[in-house]
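Order of writing sets the chain letters: A, B and C. Residues in each chain are counted from 1.
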């Protein structure tokens, strides 16, 4: 896509692309097939600076913004969307949360190790009764002396069994709804913490998705992020960045699918014609490419707003909605272009198709994104019309 | 300047390397059109002995430089000798092989004689009085044909196996000793050891030549036949997914999207149908040879050369015929 | 140790190379330019040597190239080179090995150096001459096609393993010297994000021909292109047939050797 990037941005994108091709591609197929988490990759990513992209240098990061983060995430995700989501959650959610709301002590304790990739980050909001309805969460946190005692469980947590720092959202006030939630940094070594069910999923098989169980889990009070009751605010603000990251992951999948479709249809002949020479194929390709570039521009815009410190909830939601929807449409069309062989493991599109589906489900379903977008659009409109 | 031509012959173990005869073939083309004599120069221990192998080729003379300091190849030693010979005799053209030695020696000698060098040529021919050299550029994606401007000595290195070797034309050629001019101090980089290549086949993903088997191999043991062809070519052995799934080959050598992606100059597909899945792994091969019993196998659409027949008959014959010429 | 790494800007190996309409060169539009592959091994070796040699050592990248080469030089700095010299002059477009070597010799002589690393050849013209001519001009030894390199602790000598037919040569050379690098010498590092940030502050010294003391092009062209010749188009599969199988095989071998030139 022709888009003005600075020399530095081009170099960052190139390093991500070269790394993805040379280091990640050889292990991606196997890792996704066997469901083995590619542990070693994150240290290598950390060495190159990719695990602390938006973190300040004083904590070991490289202090580049969300724009550079999405450039890198898209390249990594095009080769392995599982690695992409792990890297996205780590950077946009865990790193960001501790940086913005952690005490200096917490920052010093976690950020350098997160930046180097020796420690991975996770983000635990979802519960069995609290998906889109975040405020319905019931994991409780009761202050006892200088510790909070957590009881309950979180489900569908990415990297939950591999992370060294998990941002956990729990209810400190049983009576408040949105105001009674607080955020903590939980380490797996805390007594009472355990990993429950490890999910087997349709896609993103090289990323882990687990249940986290808290049974009188003791979390030091100093691990509270911000103050009690700030949890909802933190969760939603974090998700703005997280959604931009997932947009990048979605676009990586989409671009890879389009490239696969182009490659296949150029070679495959039926009725003495290359599939790519049928007009119906070409129109599909046009729509796929347009959808990708449009979503990418929405993502770039959201990333730049966030980097400028401006509010970007609507824009992040638009980016995620558009990118995830596009990714699912593109993989569908790309698979259709492959015909039957595309359904086999011999072709990449088979994995891309399965990987794409979750992008409309996590970090806020597409319905939630529409909720966020419409609310702000309508609010803006209300503000404009005279009383 | 004279129209004379010098051929730098490479000595190996008391004989001359095959490339030298190809260089003479090239030199004859130039001499035919432009007149001029063809001399050869041989450098190193046993150069004189090697010269005996060149005496019947109609050369004007063979210059040998056998100084003990030239026993092993050194850039500075050999370049000093070659440039001295060139300067003394005013050759118009100097042919070398585009070998490890020629590629190292040629540019240094060119610099010493203030000449001009055309590297790694695949053809030379005369157009009028000019010698036009053809060479590949952009990693062989296109050719360029060049001529010298002015009157400097034109060094031309020629790739082995591109020009027909000259046949002996009879007669005797005088052998002349070159006056030693090399000093020990002038040679600052010396070869201390020669380490022969270990056995073993190249890695699939890096191999220049790959011999690959499909389901028609019928048995793991039958891959031995491909192995013999591979060893003759210094090639790696690969297998199609069908062969791997049938247990005829280990998955480590599977070529294909879910196996290894390869990029050889030559890919010999034996008993492989050529279904599109397998092709993803070797699409970019420069030359594809397909051997298959089924004349309608899709691989023939993608191959450069095809033979219809039984691979168990063809592959051993291929091994034999290739051994004869390599 | 003062280490120099030579760098050239070349078209990507995967770029489609087509001859332009006039037949005077290749079509330039849409071609992606990169650091010459073999120069990456050279730079990496230089960086490793510097890291081993310790304090006081540095790697200077030297590039003869157009304005657009700046980005690639910056990438080399991001990979870890300490500073760079960019020799940039329109008169140097399409220069030949002698002109390039003369310019490099002038620029480098002033720097003082212990070793110069470069790629074994540039993947655009594939001439593989510039570094040897440069070595002659600087009056230093050369070792080409290196697949292994070790410098002696006193930085006055080095042992290089170089690839020849059927094996390797072990070469001992005095320093300073030029060593041209082959694939397999090392695994080039990536331009890390911290490296990209640090590269902002590193110096790229720009020199024109007149800065180096040349009046115009250092030397006249020593050759000219008569014509560009495209590769023959593949005409589909050539089926090799004959009465006897052996004859068909013989013919295949002949085609592979003489036509396809892969044997």
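Everything that follows uses one rule, which is that contacts are C-beta pairs under 8 Å (C-beta built on N, C-alpha and C of every residue); 3 or more make two chains touch, one makes a residue touch a chain.
Small disclaimer: the values here were computed from a predicted structure and weren't measured.
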Chain centroid nearest the full-protein CA centroid: C
Ranking chain pairs by contacts, what comes out on top? B-C
Length of the line joining the C-alpha centres of chain B and chain C, rounded to whole Å: 21
Report the inter-chain centroid distance for chain A and chain B in whole angstrom, where each centroid is the mean of the CA atoms. 53
Centroid of chain A to centroid of chain C, CA atoms only: how many Å? 41
Going by residue number, chain A touches two or more other chains at none
Going by the contact rule at the top, pick out the chain C residues touching chain B in the complex. 11, 13, 17-19, 26, 96-98, 101, 123-133, 135-137, 140-145, 159-174, 177, 220-231, 234, 236-241, 245-246, 248-250, 252-253, 255-257, 260-263
The residues of chain B that touch chain C in their complex are 73, 75-76, 99-101, 103-104, 106-108, 110-112, 115-120, 122, 127, 132, 134-150, 152, 161-162, 188-197, 209, 233, 265-266, 286-287, 289-290, 300-309, 313-314, 317-318, 321-322, 325-326
So in the complex, the part of chain A that touches chain B is made up of which residues? 29, 264, 267-268, 341, 344-348
Interfacial residue positions of chain A with respect to chain C in the complex: 7-8, 10-12, 14-15, 18-19, 47-50, 53, 62-64, 68
Note which residues of chain C are touching chain A in the complex, please. 70-71, 74-75, 78, 190-194, 196-197, 200
